[in-house]
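In the two complexes below, subunit A is the common chain; its partner is subunit B in one and subunit C in the other.
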Partner chain A sequence: MQTKREEINRMVQDVKSLPALPGIVVKLRALAESDAASLQIIARLISSDQILSAKVLKLVNSPFYGFPGRVSTVSNALILLGVNVVKALVLSSSIFDLMEENVVGLWEHSLGAGVAANIITKRLALPDGEEISTAALLHDIGKVIIKIKLKEEAERIRLKVDGGEVSIREAEKEVLDVDHAEIGGWLGKTWCLPEKLIEPIACHHDPVRSVTYADRTAVVHLSDILIKASGFGYSGDDLVPRIQEAAWKKLNLSDHVLREIVDEIEDKLIEVKNFSLEIQSSHEGKV
Partner chain B sequence: MKGKFRIALLSDDRKMSEPLILLLESREYCVVLRTDFSRVLGALYSDPPDMIIIDLGAFTPERLKIVSELKTDSYFAIIPMIGFIRPSIEESVAWEQLPLDDYMVLPVQTPELFSRIALSIQRMERIFDHNPLTKLPGNTSIRRAVEKSMGKPRAVCYVDINLFKPYNDIYGFVRGDEVIRMLARIISNAVKESKEGGFSGHIGGDDFVFIVSGKEAEAVSQLVIDRFSMIVVNLFDKEAQARGYYISKDRQGRRQRIPLLGIAIAIVPTSNTAIQHYGEVAARAAELKKEAKASKASCYVIDCRKA
Partner chain C sequence: MQNIPLILAAPGMTLAKAVMRPDSESRMPICGAGTALTELLIERLDQMGIASVLVEGHPVLIEGEKTPEAEIKALDHRFRQVCEDPLMIRLKEIYKDRLIRLSEEWHANEA
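Let's turn to the complex of A and B:
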């Protein structure tokens, strides 16, 4: 008999696309219609959305183009695919039918984590900042899959979280026998994304398990926690996990450096919040 | 992807498409019907078929744009495309602007449809001199494009990769092929994004040609160089990325430091009336390339000689 895990794993292998946030798609549509829209502007907007970023990375890493598992940033994907291909891809995206609060919350959490990762890599002078931010942006993509493809289970997970002192990850494990991090990793494999994105996604709650890209995973782990602690967005529960020892050591952190990073993130989040409100209103303005 | 031959049928006319799908499926074709023309391009890009049949309906700009967009992307231009048109408008169609491979008048006759599908596939395989690795046009098309631009305010730009052989020796030809494919996409996208557009071709190996307006030649060359250096680091291991070089052995077996891959571009403006033949363009480019190669880093060199 197939276990629940195997069943979900098989389901993930059939996931061809996921719905995006309508506000972003509306904004990109307006951009796509003007021919002057530059590669950088389009890349920046796509990089603010986990679904569209994943979609673009899926295409550029597909065997059809001949460099599977090689491209890990949206700007490189745009260079290789071409602006027109990416525009068309975005325009054909399906969007969420209902704008639930939780959907926006998760989108903000993902965007915030990407922003935090960018600040952390800069402060710690780590190379490949854009790639690490991309991994942070995508770290909770497994939650979108649960929400879209496992609706009934998602509801049971939500009830468990709302009912008591249990984290969303623990609730997922109880209901699904697998958590969103692992599901996100499975999706990354199915979509031929680079290992340097998959490992941080799959191990962001458990950085000790990350072997090849431990430093990247540590940054994503830290970004996730700092954004939760800041109260920006909503990732499915209100519990802030501990920063794990392995990540702390890997990044050679100190209380002083962490304080500086937190301050910088707080400042930046004001700007990000304004962007988020703008995106939400561009959706409302349209409908 | 092995398996059934996949045909994308783009039509919002259910009365026509439903029986057609049954017919095609009876011949073991796998048909994917797309009815929403506003989203069809993205769907085709994310899931490319082996052939496209498009119902051109009333020739709306939306549908014509689908044809031209696909046919100007090197990866999609080689997918055969048949257009369905309404009777009695054949003569008024501006075929020069509609880069289809074939057309059929509605209502379609079944035996004719099957024959045209088979012939379109054959024709694609026969007439295209596209490079199988990069899908870019090959030497016959390049020669034609260069000759067409002579005496005009255009520039022919020859691109090749510096120190490509040691890279292939160390990292293997599979990785080498990836480099070639990436450079091909970088060149063709940069050319497409330029204001006046242009031509991109693949001579073979690590040699490419692109043709753009004389005014834009330097800017496009610099863009290709910048983008190549952004992308190419992904094709080295972590150590080489950090150090900026890798270790190879020369013919005597001595260890050598080889810098990360770069490119050299030789720009030959074709407005120069002293250049009369295709061969002269190539010869000038070869001389310039030597200059460009003298610098270890990526660069372009432009032919400034007067007539």
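Let's turn to the complex of A and C:
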């Protein structure tokens, strides 16, 4: 008999069962995998879909990437962020739309984590900061899948969290036999995202399991915890998880630097809140 | 520092962060941090479509906004399962110190 865990894994592997992704995504996936495809060809493809271009540019210009100037073209977004990041943003845009409209607290938590990751990577002078921010932005994407595809189980998880001192992750494991981080990793594989995005998503609660991209995973782990500590947004429970010792050692931050990082994040979160309010009012305008 | 809707901005408040043109691709600044707001400037910002500004201190009490004391209580509550862990204690202190600073700004404005 199929276990719940296997059932969910099969569901996530079946792209057709997920919210409809734009047809352009299939073409983009093929292009991004081809070495011959130039940035211009990929940019032209995305630009041919105005709604998709707008979504990509909206995220690129959101406070969490923190570019000093406004990124006004998809070509510039590709140059600044790289194909992998833009591909991940395009692939996740449909699901992210649902998050914006239906799970505002989680959307804010995710944006906040993206901001935190951006600030931490700059402090540590880690390369590929934008990719790490994107992994942080998408780290809880598994929760969105649970919310929209497993409605009855999501309600049971919520009741467990509300009823006692149980974290959402513990409740997910009890109800589903798998947590959102692992589901997010499965989704990343279904979408053919690069491993450097998948591993931080799948291991953000247990960074010691992250072998190839341990630095990136440690940043996403800490970003998630700092945003929960800040109380910004709502990721399904109000418990701050423990920072894993291995991740803390990997980042090698002093208390002084951590204090500066927290101050910088908290100041930036004011802008993120404004951005989120703008998005929400634009959704209300549509109704 | 407090983020306030422009409608609550008043002459004499000081900008804590530069205000940028919302319609410009290059995000040109309209006025810099440290600028004192005047009636004329607030009117101009309104005409340019600026919805909110970051000002120094905590000059406005917004409905539904938690006081720093309530925020500190909520912080303790969020950390309740990790309050024995030395690293998490240090992290909580960082957030608490910040809230205490905000509390001082808040009450200085009350006085």
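Everything that follows uses one rule, which is that the second predicted complex is superposed on the first by the 199 of 287 C-alpha atoms of A that agree within 3 Å, B and C clash if a C-alpha of one lies under 4 Å from a C-alpha of the other, contacts with A are read in each partner's own complex, and residues count from 1 in each chain.
Just so we're on the same page, a contact is a pair of C-beta atoms (placed from the backbone, for glycine too) under 8 Å apart; a residue touches a chain by one contact, two chains touch by 3 or more.
Predicted model, so just to flag it, every value in this text is computed and none were measured.
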Which of subunit B and subunit C A:59 touches, first, second, both or neither: first
First (subunit B), second (subunit C), both or neither touched by A:90: first
Subunit B versus subunit C as contact partner of A:81, first or second or both or neither: first
First (subunit B), second (subunit C), both or neither touched by A:72: both
Partner chain in contact with A:243 - subunit B first, subunit C second, else both or neither: second
Partner chain(s) touched by A:127 [first = subunit B, second = subunit C, both, neither]: first
Contacts of A:270 with subunit B and subunit C, given as first, second, both or neither: second
Which of subunit B and subunit C A:255 touches, first, second, both or neither: second
Footprint overlap on subunit A, comparing subunit B with subunit C: 70, 72
Partner subunit B, residues of subunit A touching it in the complex: 16-17, 39, 55, 58-59, 63-67, 70-72, 75-76, 79-85, 88-93, 127
In the complex with subunit C, residue positions of subunit A that touch it: 68-70, 72, 165, 167, 225, 228-231, 238-243, 245, 248, 255, 258-259, 262-263, 266-267, 270, 273-274, 278
Complex interface listing, subunit C residues touching subunit A: 1, 3, 24-27, 51-52, 54, 71, 74-75, 77-82, 85, 87-88, 90-92, 94-95, 97-98
Contact set on subunit B toward subunit A in their complex: 1, 38-43, 45-48, 69, 73, 75, 133, 177-178, 181-182, 185-186, 188-189, 192-193, 227, 230-231, 234-235, 241-242
